[in-house]
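Working notes, beginning with the structure itself.
Note that the chains take the letters A, B, C and D in the order they are written out, and that residue 1 is the start of every chain.
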Amino acid sequence: MNPANYLYLSALLFTIGAAGVLIRRNAIVVFMCVELMLNACNLAFVTFSRLHGNLDGQVIAFFTMVVAAAEVVVGLAIIVSIFRSRHSASVDDANLMKL
Amino acid sequence: MSASSVHSLWTTAAPVADKFPTPHIEYAQLSPVLIVFAAAALGVLVEAFLPRRSRYTAQVGVAAVGLAAAFAAIVALADKGYGTTKAHIAAMGAVAVDGPALFLQGTILLVGFVAIFTFAERRLDQRAHGNRVDSFAAQGSAVPGSDQEKAAVRAGFTSTEVFPLLMFAVGGMLVFPAANDLLTLFVALEVFSLPLYILCALARRNRLMSQEAAVKYFLLGAFSSAFLLFGIALLYGYAGTVSYSGISAVIDGTAPMNPALASTTGNDALLLIGLAMVTMGLLFKVGAVPFHMWTPDVYQGAPTPVTGFMASATKVAAFGALLRLLYVVLPGMRWDWRPVMWGVAIITMLAGAVIAVTQTDVKRLLAYSSIAHAGFILAGVIATTPDGISSVLFYLAAYSFVTLGAFAVVTLVRDAGGEATHLSRWAGLGRRSPLVAAVFAVFLLAFAGIPLTSGFAGKFAVFKAAAGGGAMPLVIVGVISSAIAAFFYIRVIVLMFFSEPKADGPTVAVPSVMTSTAIAVGVAVTLVLGLAPQYFLDLADKAGVFVR
Amino acid sequence: METLIGLLVAAPLLGAGVLLTGGKRLDRVGHWIGTLLALLSFVFGVVLFADMLGKDADARTLTSHLFTWVPVGGFQADVGFQLDQLSMTFVLLITGVGTLIHIYSIGYMAHDERRRRFFGYLNLFLAAMLLLVVADNYFLLYAGWEGVGLASYLLIGFWQHKPSAATAAKKAFIVNRVGDIGLSVAIMLMFTTFGSFAFNQVLPQAQQASTTQHATITGIGFMLLLAACGKSAQVPLQSWLGDAMEGPTPVSALIHAATMVTAGVYLITRSGAIFNAAPDAQTAVVTVGAVTLLFGAIVGCAKDDIKKALAGSTMSQIGYMIMAAGLGPIGYVFAIMHLVTHGFFKAGLFLGAGSVMHGMNDEVDMRRYGGLRKYMPITFVTFGLGYLAIIGFPGLSGFFSKDKIIEAAFAKGGTEGWILGGAGLLGAAITAFYMTRVMLMTFFGEKRWVPDAEGHEPHPHESPSSMTIPMIILAFGSVFAGAFFSLNSRFVHWLEPVTGHSEGDSPVSAGTVTAATMAVLVVGVGIAWLMYGRRPVPSLAPRGSLLTRAARRDLLQDDFNHVVLVRGGEHLTRSLVYLDHSLVDGVVNGTAASVGGLSGRLRRLQNGYVRSYAVSMLGGTAVLVAATLLMRAV
Amino acid sequence: MSFPLLTVTAAVPAVGAVVTAAVPAAQRTAAKYTALLFSLATLVLAAVVLVRFDPGGNRYQLTESHAWIKDFGLRYELGVDGIAAVMVALTALLIPFVMLAGWHDADPLEDVNPNRRWRPTQGFFALILLVEAMVVLSFEATDVFLFYIFFEAMLIPVYFLIGGFGDRAHAAGEEEAARQRSYAAVKFLLYNLAGGLIMLAAVIGLYTVTAHQLGTGTFSLQEILSARASGKLHIETSTERWLFLGFFFAFAVKAPLWPLHTWLPNAMGESTAPVAVLITAVVDKVGTFAMLRFCLQLFPEASKWATPVILVLAVISIIYGALLAVGQRDIKRLIAYASVSHFGFIILGIFAMTSQGQSGATLYMVNHGISTAALLLVAGFLITRRGSRLIADFGGVQKVAPVLAGTFLIGGLATLSLPGLAPFVSEFLVLVGTFSRYPVLGIIATLGIVLAALYVLVLYQRTMTGPVKAGIEGMSDLKARELLVVTPLIALLLFLGVYPKPVTDIVNPSVNHTLSDVHKTDPKPALEAKK
């Protein structure tokens, strides 16, 4: 089975994630889509790691997860605080600043 | 592993190295970073264990000392010649210790040091229940306008967490331009971005806007880093390594071939797409068009001291990283990325200048001007000559202090609702308080690149480099957009000096020694780099060589 | 002696300086200072004249070089003087008549609180005019040329509170400026052709260069003619002279009759060598002269304003001189001779007119005069003598000079000669007519004057002696000068060394010409007497024939100027002002505006929605990727 | 090393600016006298420069040379040729008069501004001195980049002078006045900044060229000239033309040359008369001076290549400016357009490439400076008295204020270049110089003298003559201070009109140098040519 397929899959996931960021309104969901993109990257890393037969890619995948976790912490903190002050998590409601 | 085995990956697992090599770290050469992170950690402990009243002093002290020490370390390293002769790759190829790295780290540290003063300023806002307060929320978690917040304000809480956050951000920024493999690049990026996201959310006034800024910055930042990461993945896939030197070797075809490599390197798409995506991640941070849209909103919403810090330090770090990527990893691909960069630079310069013309808010105005400046710096980056590197280094140093100073001045002009950032409120400022207006005018003229200011020296340097690198058209465009940009800087000056002050105009708060120092430093650097830049140009020249 | 030439100019210049900067404290003595300095310079003139007579005819030219004015490369303009017989003649005329008119003005301007300034201007004029005639190069001459223009501007507009005066002054200066273009272009041409513009360089070279540089020299000739037209009020630049009568009468007498307006004649005579080498230019000159002498005469017939009538006559008399000068060596001498005699009698006439106005509350309309001879006998006599002189009554000076010119015209030979001579005769007839008209309307018939606006009944009286004495002296001049000059053609021998002289062979004998002149004279006087002497003059002007009405309006020449130049100019400037604002400035402002508009539109993209920002980022990345791939593809 | 005379000449006003600005708000008069004192000191120094300059000596004298910013090839190189020396003298000469004339222009109206820290008077005089310093430096600089720096930096103080200090009384009311002022100021700045930035591109281009061919980039005029003379440096034709255009554009905006002139009427109209003098008589001269020094010397071939177009534009400026002057309703705008016409003459003279033309142009710069100063300052006195700039508001002034009217007339006569007054000499030289090479253009330009007579005399007639208009009756005549301003200027006009030799002697050699740079010699007279 051709490893290229895994790459296609990761690309697909990445695209889905990106599309999600563009179309979903709820900040949490948007953020989840970003996470999805990160994981797509992980898949690519692992595949390539396998392909090249070295471990770098897999190590990077771990790093990515940690970073993602950190992002979750910060992101959720921000989103929650804005939700509490606005009683809405829709990213479209947050446009005081424009032009 | 054998050529045949590549096609049956699942049958033969990749040989696993029996044990990881024990990493050996050159602590001395990484000392600046380590010091900063240590100070940051210490700040966290202070936050955890010290009683509230003594935290402020302690935090400021820790941060200031930490940065100063780190800067001293940088100087020491440079003095030892790590910037020039002894430049090399440290920490198992993760971090480069060379001229550009040290120069930029030094700049970032100084900027951070000055930023601390603006962070620590406690005289501008009127006292809340007898407590002096800074420009940060009493309690970030409290809902704006809620009883909880009122209580916090009454109790005189202040979020001293900002200092450790600042320190972490600085730490990340120190690593960013020095990162010598893509992984380190990515991690450093996140390390300085996450604290900034939080800092953005912590404004004491206009908290809704502040939070909105944070959320926008965060989502878009995450989005862009995802792209960056995918780009990294592709590059890794292409070269089978994430170390800069390794990748460039593969690109140049000097790397030892193996079948796997042969199969991936056969596919340029990996390389090119990866390159494009990584570049995009960095361009997002420097705020180049079309990845600039977060800039105005975030700059406007974030607490002004944070904006000042972001606007200057982030740019320095990001451009550092971009330079290293383009000059160390991709010199072999100059002919692929240069034309693209041309396009980006041109639209960045023009769009930044043009859109700024109709801005009505000082902070947004400065945001757009920073975009235009990003364009100018890109022109220098494109030169791909040693001259290009040094000119960019110089420009960054000059620009960051002007920006810091300008935003510091913005914090002074206040009315009942906090800072009065709408331009119409600035009318006649020159009559009310000539000194502040004059200082701000100096910064504006520096932005506009009027001779005898650092802005002119920097602009001349990058344009000279660009022209030397055969990018005369870029220079022409740059010149034209400078002319457009001049218009809105001048507009502000007109407003301040030539229009009658409004009766209910904003007052100019008398700052403590903190902000005064920050502004003074800004002015001093602006004039010194404008009148006698030779020493710093030499420095930049000496520093202008990347280690591979 | 050489230094004396400098002093000649310096004396009145000093006067001007003192009087104009002196301030009020000089008000009481100002006019004396002015007059004395004028007299002084006259004395210098006489001394120089005596000295000159002492030398023999060919060695009379006196030169003195003061300093180099403008030295740049090949362009060496000096301040240097050259006093030869031609200049001498002018010097005497200018200082002599000038002094007389200073004296006259003492009385005439007695009641004007700005009399000091008036004398300052008069002195300024004398200085400039003297500079003009003693300059040894065209560049310095140009300075004098513009100087007299300035003085005339100041003096015409002396009563600045009268808008008409101010306008007239401005008009005079500007029309003169048009002429000045001619002079300056002529100088440039001289410089580019001969590498110099000094008389002693240009004139000799012009002779032998005539073959090689014919076109250029003709050009120079035409340019000089243009200049002469401006200064001497020749068609087509004559329009200013009539209005110039707004100035005080002594000014009209000195500047606009005796001296300044004759500068054109001087210029052409002085540049004789050039014109001799450029026949086409000469033809142009004589044409201008002939046209103007008729033009002026016709205008003179229709004017009821005594000064305007005299102005018309001045125009026409100068026409004679220009024509004479255009005739070449045959004519130069007589041009100058007529110039001198004209200086006497025309000045006399103007002073007479001034005296009349002085007695009549500054009334100028002849239809409001009449029968004044018994009220102001001296004026009547002097004016009468001047009148006889100008119409060329046998024996009086006008007779000799004008007659000679007409002879010379015929002597030109061919049809051209006939035409010019005919024009001269016709002019003589008309002159006789309009001067008789003036005479009759002013001094004969019954009194027609009425109370003026304030209701003061004018009670005519003779003027003070300070005014009458100059008139008498000038009258003497107008009677005897001609005879004195013509006696064994003294004047010819006097000027010959400078201008050269040749007797043309006239198709008609001198006697015939004289007879013809007498005939036309009688005719002219007769008609005038029939029209104005026999029957009473209506005190309001009759509508008059088409020609008369045209003539009253300077033969519509002014209307032409007004419509074409003034109106056209106004339209041009107004449209240019509009253009400058809307087009030239508009382009710039437009660019600025369009940048602003663009900015406003781009701004909308920043709509505040995170997701749209994300779109732009994604799009940007896509473009980036595509571009990178493309780069590799191509 | 010898005494750095040129540096000191520029430093004195700069120091003066600082000192003046530092004078406490209360002591306004003290500030004024301080400023005046410094400007007089500068005048003395400038006189010394003029005396020390030896026309027979080297091309550039009193030279100083120090490294400044090595990386940019920027050297601090000063030196004066005859032209520069004269221009420095002119600048130093005019500034004291500008100050005296504007003695009360910047006195704050107490009620307008309660703030005690607001010190307009100090600012006004300090800015004037600052401008003087920068102008002097740009005349003295023999390093292209050094020149550029001051050429640009100069804009800022001038900008504040225009925008910050306007006529007291304004027909349209204070609010509108402020609006128009800042419009004028911004327009001035943007025009000149745009020009300057275009020039910056050219400057950088020049650097890359020299750096590429000489190894190290340099801006030093002497170095470049000698390098080209020795053939080490050869700028290829197309490059040279582009660089020339870059430089010329900036100078043409400053000069100002049609159609880049529209900023001048606004700037001069809205600013006070002394500032207007500063702009047109001093600052703008840098533009024409730079054409003479930099365009011709650095890019001789390109200059010759562009000459026809430039000459045509110059002639258009002459006629166009004069015609618009005729059409103006506002005294200052009228004088502004007259200046456009005069700058046309200057540029015409420069690019006629004859010794008469260029000496004439240089002389013209001086004379135009003095005559415009005289006319404009008197006009300023007139305007402050009446509180209006509109010609229609005046009439019959000479009846009530004869001296004022007289001086105004003399200024006007100088402007229409009457013989005996200085401008005549220079104008005629320019015309002859042009005519000897381009007869047609010369003749068209000559028409300008008629139009000049027209606009000057129309102005004089409408304002000074005729019956006394309402609002004029009480008008006072010139005061002692004002006479002190006008008299010396008029005296100078007369002197230079009768005896310009001292100036021409200094200027001629430098002009010949310039001409030899562009390999041009005066055309021979037609007759000699024949022989």
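Rule of thumb we're sticking to: a residue touches a chain if its C-beta (ideal position, glycine included) is under 8 Å from a C-beta of that chain, and two chains touch if they have at least 3 such contacts.
Fair warning: this is a prediction, and the values are worked out from it, not measured in the lab.
Averaging the CA coordinates per chain and comparing them to the mean over all protein CA atoms picks out D as nearest. Inter-chain spacing, taken between the CA centroids of chain A and chain B, is 24 Å. Distance from the chain C centre to the chain D centre is 37 Å, each centre being the mean of its Cα atoms.
Averaging C-alpha coordinates per chain places the centre of chain A 97 Å away from that of chain C. Distance from the chain A centre to the chain D centre is 65 Å, each centre being the mean of its Cα atoms.
Across the assembly, chain D contributes 190 as residues in contact with two or more other chains. Those residues of chain A in touch with two or more other chains are numbered 18, 21, 30, 91, 94-98. Each of the following residues of chain C touches two or more other chains: 592, 603, 606, 608, 610, 614.
The list of touching chain pairs reads A-B, A-C, B-C, B-D, C-D.
Across the complex, chain B meets chain D through its residues 431-435, 445, 448, 450-452, 456-457, 460-461, 463-464, 467-468, 472, 475-476, 479-480, 482-483, 486-487, 490-491, 494, 497-500, 532-534, 537-538, 541. Partner chain A is touched in their complex by these residues of chain B: 1, 9-10, 14-17, 140-141, 143-144, 183, 186-187, 190, 194, 197-198, 201, 207-209, 211-216, 218-219, 222-223, 226-227, 229-230, 232-234, 236-237, 240-242, 260-261, 263-264, 296-297, 300-301. Of all residues in chain A, only 18, 21-23, 25, 30, 91-92, 94-99 touch chain C in the complex they form.
For chain D in complex with chain B, the touching residues are 67-72, 113, 115, 117-119, 148-150, 152-153, 155-156, 159-160, 163-164, 175, 178, 181-182, 185-186, 189-190, 193-194, 197-198, 200-201, 204-205, 207-208, 211. On the side of chain C, the complex with chain B involves touching residues 592, 595-596, 598-600, 602-603, 605-606, 608, 610, 612-614, 616-617, 619-621, 623-625, 627-629, 631-632.
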